[in-house]
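Every chain is named by a letter (A, B, C and D) in the order it is written, and numbering of its residues begins at 1.
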Amino acid sequence: MSDSNDHDSHLVPPTRRVVLGFKDAEDLDVPDLPTEPLPLNMGPSHPAMHGTVRMVLEVEGEKISTADIQIGYLHRCFEKESEAATYTQIFPYTDRLNYISPMLNNIGYAMAVEKLLGISDELPERVKYIRVIVGELARISDHLTCLGASAMELGAFTVFLYALKAREWLFELLEEICGARLTVSYMRIGGVAADMTEEWGAQLLAVLPRVREVMSDISKLLDRNRIFRDRMDGIGIITKEDALAYGITGPVGRSTGLAYDVRKDHPYLVYDRFDFDVPVGSVGDNFDRYAVRVEEILQSMRIIEQAVPTIPAGRFMHPDPRVTLPPKSETYNSIEAMIAHFKLIMDGIHVPPGEIYSFTEAGNGELGFYIVADGTGRPWKCRVRPPCFPATAVLGKVLPGLFIADVVPTFGMINMIGGECDR
Amino acid sequence: MGFEFHTTSLQAAVNWARKWSLFQYPFVTACCGMEFMSVAASKYDIARFGAEFPRFSPRQADLLIIVGTITERQGPALRRIYDQMCEPKWVVAFGVCASTGGFYQNYGTMPGADQVVPVDVYIPGCPPRPEQVLDGLMLLQDRIQKGEGHSQITIAAERGYDVPIAAIRPKELKGP
Amino acid sequence: MTATMTSDYLSAALMILAGVGFALALTAAAKYLGPSRPSAAKDYPYECGSEVIGSPRARFEVKFYQVAIVFLVFDIETAFLYPWAIKYRELSCAGAVQGTTCTGGVSFFGIGEILVFMGILIVALAYVWRKRAVGWE
Amino acid sequence: MAQIVLDRLTAQFSGGEIIEVGSSRGNEWARIKREAWVTVCKFLRDDPATKMDMFIDLTAVDRMGLRTFPEDAPRFDVVLHLYSVGHKHRVRLYCGVPEEDPSVDTLVSVWEGVNWFEREAYDLYGVRFKGHPDLRRILMYPEFVGHPLRKDYPKEKRQPLVRRQAGTRE
């Protein structure tokens, strides 16, 4: 190339001393031509980038020297939409935050507004139990999706099909209880949309052993698989100090040894009545994150098996008419119920002015809702604290030094979800 | 461009072959992706229609499935990938966000992928049930068989054939 | 003798003809049957949907080149093993070979020849190994 | 339960850095003067009694037109949530930022994790963070003009990058 000659002519390249090593051979001065870093696009539309992240990697050969992670390709303006919607209309938007465990977002949001209204401790017991049960169900499907997709990206397509087979059973259960497979919108402020029936509880307990069997199949396929372990052990290590400084919680945070689980440290709903363990990793590499998620699936099943038999009877919605819609039969028969219905639907539940930061343990960690209420039926600001946002931020520090092939398992195990990270 | 020939029986045979061997480029962005996994997995198995094999390069794909919300920032990437696909190509808008922007009518979301690429089949639903997706795929297969795909019409018009459905889109065909 | 000679060449020629013909037929079919609408946007390099950054003509590390050269050496070595393996029966038989039986005694020319050949290349491999020309760190 | 944090704060900073302290619905909060933002945060992180070692969340609030807020108060509020894993208590810090000069010192030196959160607050609210290593848009595309989450930015005002000409097949 012509330009590189001029480049070399006025600039003598630095030389490198080469020692030949055999008898009476003097050392050579070899021109040291530095390698130019190659910018590489792992763009928005990439199978391993969940379709919504663009990584501009500066690459030397196979080794990454710098990684600039660009998100925002799925910024759907949750906050702007929530400012224009009433408190109840925001539930469908919360489904689409972490869309592999929508139920946990619903629970987080419902509890935040209930705390603002001050009715969170008058909730019927049954509602708390139902929320714990369907919440853990969503956590299982969250981890199944994450493990299945990450295994598929590493080539283990069978594990993907196993995980999705188990997830289909869970989707059928969710569809049974609330009508939708994925975007459930099952929670309401002050309760749940529909009651949980006895048969549903029995069906749920019948499915769990089959899911356990699928989990053992997956573990048999992956846990001691040479290829899987080589690609996961010691790759993408996040230290405990980084987890603290970045605010990484959830399975990724616990894999670094930071034993922080909102269900244990600040028990909410009825989590303090069930005994379950919180798996904590030690190294903070990809395999720890995999192992923590596998163990969490088994623990969630343990919680469900304790909760379903001991669920108390009772109302599934809060009795206060300013919060709950009157039942359909009354709405058509009594004028008071119709007016209450109309007012609740048209200008929403009037939340007294104030601010609240309420946090729950969602699929990827501590999901916080910071809501500023101004007394009307619509929130002034409804901020979501996304658990996978700091985990994606730390990648800029974790990726340099790894190979290009290591980006895929690391990003898969961080479990960044576009809807939650970009909101 | 090569020698001229026109035989409906060959075209019908070619369309039949294209219909049953769609290679999809899954342009997955959002929640519909989870339902897309269910459609691709063993229960609702899209492989029965020959459309299961995802090709993550636009060069080897002839069906662009837009799965999930297309934001304004994603627009140029979507347009570029559509342009890089070879004819004949079809586009399916999977889910209401890809069709019209769904309930995200705001500054960040594009009101439907057809603002950027011509879409052949719109599948409603948020996310659509797997059965809806298979129904949408069958709808697309009928259009391919009848040669009504956007790119099929463009090719037919350029080759001077009698375009089968001039009536459906007179406005477009009069354009340059 | 000549009839068998030409028939050998005939079958080989037919084999080559079929291969090349099949390839040409497919490319011709694709060129004429399929629609072709080249455009600048279509020829734009595919980088996961993003615009192209940097250029692939950057200067790479030398170890890629070393690996290629070392591979070339040992690849040609295996290429030379094939004719030797075919002729091994004649090489290791002192007399002529009728069908599958060897009339003369055993001769160690076949084995010796290949051992010398492989020996030289083993030395080369040792040198490359020690100089870590093929290391990846 | 985090009253101890507020007491430590008022005890440690008596020079007017702590404007106001309070607790509502179980959340303890404190309003900090803009100039003392970094020093107070460093103190909260290092002081053994509070040991706010985990950064949770940083965002901004646009209070233009909020009836329950005094007229002369600064328009924006930078809101920071902190958590101590050891003591299991939390605090929320406010920092008023006026509209004409919406800037505050960055906290990247205290917790690295605020990097992306501050970029998002800058991107969506226009609050500049002095000393931030690379303050650029994170959620919106670089060509976007304006800060969308401000109350005066209309919800459906799109700035499209690419559109297809209507009426053509391609």
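General remarks:
Everything below uses one rule, namely that a residue touches a chain if its C-beta (ideal position, glycine included) is under 8 Å from a C-beta of that chain, and two chains touch if they have at least 3 such contacts.
None of these values were measured; they are calculated from a predicted model.
Centroids built from CA atoms put subunit C at 49 Å from subunit A.
Chain centres here are Cα means. That of subunit C falls 64 Å from that of subunit D. With each centre defined as the average position of its C-alpha atoms, the distance from subunit B to subunit D rounds to 44 Å. Those residues of subunit B in touch with two or more other chains are numbered 73, 76-78, 81, 106-108, 154.
Residue positions of subunit C touching 2 or more other chains: 48-50. Of all residues in subunit A, those touching 2 or more other chains are 43-46, 72, 75, 77, 80-81, listed in ascending order.
Arrangement of the chains shown, judged by which pairs touch: an irregular graph that fits none of the line, ring, star or complete shapes.
Applying the touch definition to every pair of chains gives A-B, A-C, A-D, B-C, B-D.
Those residues of subunit C whose C-beta lies close enough to touch subunit B in the complex are 31-37, 39, 41-42, 44, 46, 48-51. Contact residues on subunit A toward subunit D in their complex (touch as defined above): 70-72, 75, 77, 79-81, 83-84, 115-116, 118, 242, 244-248, 258, 260, 265-266, 353-357, 359, 366, 368, 370, 372, 374-375, 380-381, 383, 385, 389-390, 392-394, 397, 422-423. Across the complex, subunit D meets subunit B through its residues 139-141, 148, 153-164, 167-170.
Residues 47-50, 52-54, 56-61, 63-64 of subunit C are the ones that touch subunit A when the two sit in their complex. Against subunit B, in their complex, subunit A makes its touches with residues 43-47, 50-52, 72-77, 80-81, 92-93, 95-96, 99-100, 145, 148-149, 160-161, 164-165, 167-168, 171, 181-183, 418-419.
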